[in-house]
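Please go over the structures that come below.
Note that chain A is present in both complexes that follow, paired respectively with chain B and with chain C.
And then the complex of A and B:
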């Protein structure tokens, strides 16, 4: 650590001229321009090789879902009755299912659906729970009590029952699915965020911000939520996976993706039954799901390390 | 109770040195870390003679605690241990944990820093003690209990037979530490290791505990390894002192030689930089430049060379061995030790002390803070579901003071005296429960809207105690300093131009702006904390124990910084501190608090020279001096007991239960002390020295 160099010959800077290791001293003559936090984070993130690999995989998946359909003449809803349950081959790259649908085309479309649904739901859930949980913990008092009461009430309400009751009106649209999954998915994360935030609100830096006259919303957004980083990011990555799977369960109730529309979830559910007779029906969507999960985990870990200033991995470049 | 500490004559007076009870040879401890192995201890040698006390002094990270943990065999499993630790002919470093368990507690006793976490909360202290006895000895349950009661009596627990049935949480901090000492000496060990035994305790209790420790040592005849950062404690209680720096002993000598004529430049500078209670304020603090080194990848040369004023090229290339310079007892690790021992070189270097920047320039301006009759109480509740109010905790009771621009007022008191509550009440900027608070001429009770409160916030800012916790770890230094400006609505260009100037102001390099707080040292972090508080040019800076979390060698630099800032910016400081010695160096006035009351206030020099209130006297006398000669000679007032709870205030004087004057006073005064709260009266000489006592 460098010696604080005082520009004037004041008492505390008296010994600044004491012989010190010149190499360790921070370069003087700084021009007063700073990188800013965001650029620092980007720099730390880019040092992490696995995180960059995660971003690359995720980008490839997005590109595949967007443009993969151009490479095949089949549409996911087209049925090729001359090729039912056919193994992968030259004509149908990923094979076909029992109804003669091309698995490649279905996978492209399913991935697209699942990416949009899973990522949106996961981000929304985490965002809602961070703001609500941290906000309730910070504000305390009645707001906190009311929020906790609501969370505990929603946690015990059988969500599937409620969904079944309203399904005939709202079902069918995948955008409604996003809303429904978010509305019924934010509580448990919020509860965890709240309990962690209660210890953060006692920290001195929160107190210091209050004494500086920083407004409550800003304290929550700037001081409490960023310090929950690791927790939120783990929830984000896990959320993507669990959403892909829970989407199938809801499809059973008539929500979300309905035939002839497909998603990775519906493909996995269908393919699971024929895993011994026609393994390709399960293998390709499962492979895509794994790739999606792995890339999200890599990105999440990289974000966590980049955002966590105490992590030496972020500073050292991802070699653990 | 007044006593002059008795002192044994050291065994070195006799010709035959007894065999050491503990010999440590070439002790090495390293911990793996991501950046490489942390070499916490790098070749430590010492001998401990029976009945003697070896003080190990050092700053955080100097390896003193790792040495202690190695000796008692409680290093974490990841640590790598090398060298030999010989206890009665057996090498502890070569033993496995099972063998060590038979030694620990029997041949080596331990006293830890925090007495609360050192005692298992679910067992009564009598049971803890009898367990400790029965583990190592074949005793019946009843005999063990009897011995436990005797031990509690020995360490000064009143009514030991009854108290043995009590649980650790029913004891106060000082009493708990007595129990820990009783546990440590239960099996009459030959070696006692005390790791910062009084750091977690109040200063008036510290003296009691150190006396108990000495008594315990005398009873068992054990050798004591006393590990501390407090040079005053070492001066009063150790026979030999080993100074550690960056994992090595850099100087090892008898206590008188070390304090009288320090040879290692580090020791010399450390002693010059420590504020003391009895030295004049005009004696300037000479800080050691720089920061203690990191223990990963240390350079080849002497670890202190980068901060040393008399270092030569040799010092930067080869590390000196611990050797005895001719004509002087003790051993020193310094290439220039011989020159220093001969007296031809001043180990502190030619660093000229800074000009005294004090009372002379004290220009008193307008009143920036006026507090009158401030009252703050907290309800004491019982029950979890239906909270019943069972009492009232009088945290602050009719406290009043005035602070002018360019002035420093220190609120001094032990924990629980209400000083921090007073400070928080002032900072809250809301109408207090009772009394009046006026900040920069505005009565805070008249503030109606949140916007008005925010407006007044720019006049009063705080520097918190622990800079590590006070800075958000996720923000860079630039963002941390920008925050108060942004909260005030400053635009980007204003922030960009102000932040570098703030860094200059507190003596930090501008490049620090891009770092996270975790990458800074403790002293640098505290400078950032000060810069942040100054961002909006407040008139009043509130300092909550600004130095207590910092290392001794860094404190002096921060004190000098605060003095300079006050002079340059005309600030007023309201300081809260428990350490009177530190306070003396930069405060103009002192208010001593006890149980929510100001018992004495006045000009700093006046308080130190002529303390009136018995509590102030005791507080001043309880602080150990880093000078063995004077420390032994002077009369100490050791207070009985500890500060009672503020939930049950006595009807009369709050200090009555511990007051030495009250016990000696005549009957009429005693009755008044018991029944009537003493009014605050001014001293007869017409100064602003005020105190509240019937007996003076």
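And then the complex of A and C:
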């Protein structure tokens, strides 16, 4: 829901840190004091306290979603008719909803569902935008123009409306939701990848590869995309945030995940009606959602600072 | 300048036209008005359903291209956006609703830009001061709050405040009170209802402007022309406002257009939560009722809002950027 990054605000410094295949240094070894690239990144990342806090919170959330179900005898779809709309207590840790479903079990399952959707969509989106963005920049000419026109068109069209329209018919199934969110979510990242790739295509190692007769597809996959590594990793984490936001919005309106399945968005929608009479129905999913997005943003910002030495001045533009 | 703006406006009009027609085909293939009849008893035959839908240009046995052409000529020649599967005119529904939604979206966008840019100017000139850090932390936190959660949190807060004050001054439902008369009373009542939804959208919308504008400003604050401006005797604040900000505003102005779809998405959520009879709420209703024409009209409305934002952004760019004015 942020502003798409415009090409001129993309930090050029991201390129400087990513060594090309030609400049690949040995990861360890010839000198005792030499610091490997990975260890340098880890050290920089650990210096950032908010980023470390983000990782800890995120790990706890992942553990909670994976193993939280072991600590309760209830299943998210079980209805306990002896306890309808019960406040949090010893029997039901997070209380129960109007149908007698245990909110703790639902929260575990909903968080798991939302996490799986968000991570999958983000990985797919980044993969698509890397190939399309770098490919368009490298091939240039008509392909580039057509891709950019398509991207601009899709950015202007209210994609949320199209999403709602398409998922209304197909949804209920979270796997379909993943597909739909990917198809309508690749544009802004692609635009950033494209704008950065336009300078990569002029690099010497790309020229060298061309002179050696390497085919275009291989140049893109083997020489351009690896050098976008840091940018792609940062966009991966921030993509998770934006996917969680759109998934919860869609599910909230009833166009995303649908009953009997549960996600954070459907739980928010359930709790919205009883916000004064049964606040726990809303408070727990809301808290989990915000913890998830905030921790993911902290991790993303920490990664950007760790991978990009020039970004300490906050030079990065948009955050999506 | 006029030629530049007209050319851009024509381009945007084309985009709206293409987008609206594309939505028509999408909506026709994904929404099936026939399924509305499934619940009815006695069970309707296929032929009966077709006969019921035919007067509204929704008969699935009619080729899609024919239906599209009828719809398109209706829109272009008579500005008639068609009818719902039960025969309600879309025009009658959207007239009032579009005004309600437009004031929400435009108000929130303008407020977001103003608040975001003002905060950016304030914090960028005090980089790493405590105010900068506090604003940064607040924006980071707000950036991650989904609109639905922000809206409901505000509702809860408003109810508490109303109870504390013992006076119902914050409205959490509806876009107007039913029993208010007179021009000034109506205006005040509307504005009072606008407060919370606009606040929701502004709180979630200003963040992008604050963060990008701050970094854009920091990029130019150290440049030579700002130092030159100071050397002519301007104070630091004046130099930033008159010279640095002017350059740094151009990318922001351009990004306003791209952010309007997101604001509209937020409006769909806020209208649902605050119970407004606006376009966002209408969109959800029409999708659930398989109302092809209503859905397309909403999409056209959203595209038009985006285009208005884009044209305003273009005009701002022309005013800010002498390079555009000359060419």
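Just so it is clear, the second predicted complex is superposed on the first by the 180 of 320 C-alpha atoms of A that agree within 3 Å, B and C clash if a C-alpha of one lies under 4 Å from a C-alpha of the other, contacts with A are read in each partner's own complex, and residues count from 1 in each chain.
The criterion applied here is as follows: a residue touches a chain if its C-beta (ideal position, glycine included) is under 8 Å from a C-beta of that chain, and two chains touch if they have at least 3 such contacts.
Just so it is clear, the model here is predicted, and its values are computed rather than measured.
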Touched partner set for A:293, first chain B, second chain C, both or neither: second
Chain B versus chain C as contact partner of A:67, first or second or both or neither: neither
First, second, both or neither for A:205, with chain B first and chain C second: first
First (chain B), second (chain C), both or neither touched by A:159: second
Touched partner set for A:282, first chain B, second chain C, both or neither: second
Intersection of chain A interface sets (partners chain B, chain C): 1-4, 6, 313, 316
Chain A partner contacts - residues on chain B that touch it in the complex: 34-35, 284, 286-291, 294, 299, 305-309, 311, 351, 354-355, 357, 427, 453-454, 457-458, 461-462, 464-466, 469-476, 478-479, 483-484, 487-488, 496-497, 499-500, 504, 506-514, 516-521, 523-524, 527, 529, 532, 536, 557-558, 560-561, 563-564
Touching residues (chain side chain C, partner chain A) in the complex: 15, 18-19, 22-23, 26-27, 30-31, 140-141, 143-149, 152-153, 155-156, 159, 204-205, 207-209, 211-212, 214-216, 218-219, 251, 254-255, 257-259, 261-262, 264-266, 268-269, 272-273, 283-284, 287-288, 295, 298-299, 302-303, 306-307, 310
Complex contact set, residues of chain A against chain C: 1-4, 6, 8-9, 153, 155-162, 164-166, 168-169, 241, 244-245, 248-249, 252-255, 265, 268-269, 272, 275-276, 279, 282, 286, 289-290, 293-294, 297, 301, 313-319
Residue numbers on chain A that touch chain B, as the complex places them: 1-7, 10-16, 18-21, 24-28, 30, 32-37, 40, 203-205, 207-209, 211-215, 218, 222-223, 226-227, 229, 307-310, 312-313, 316, 320
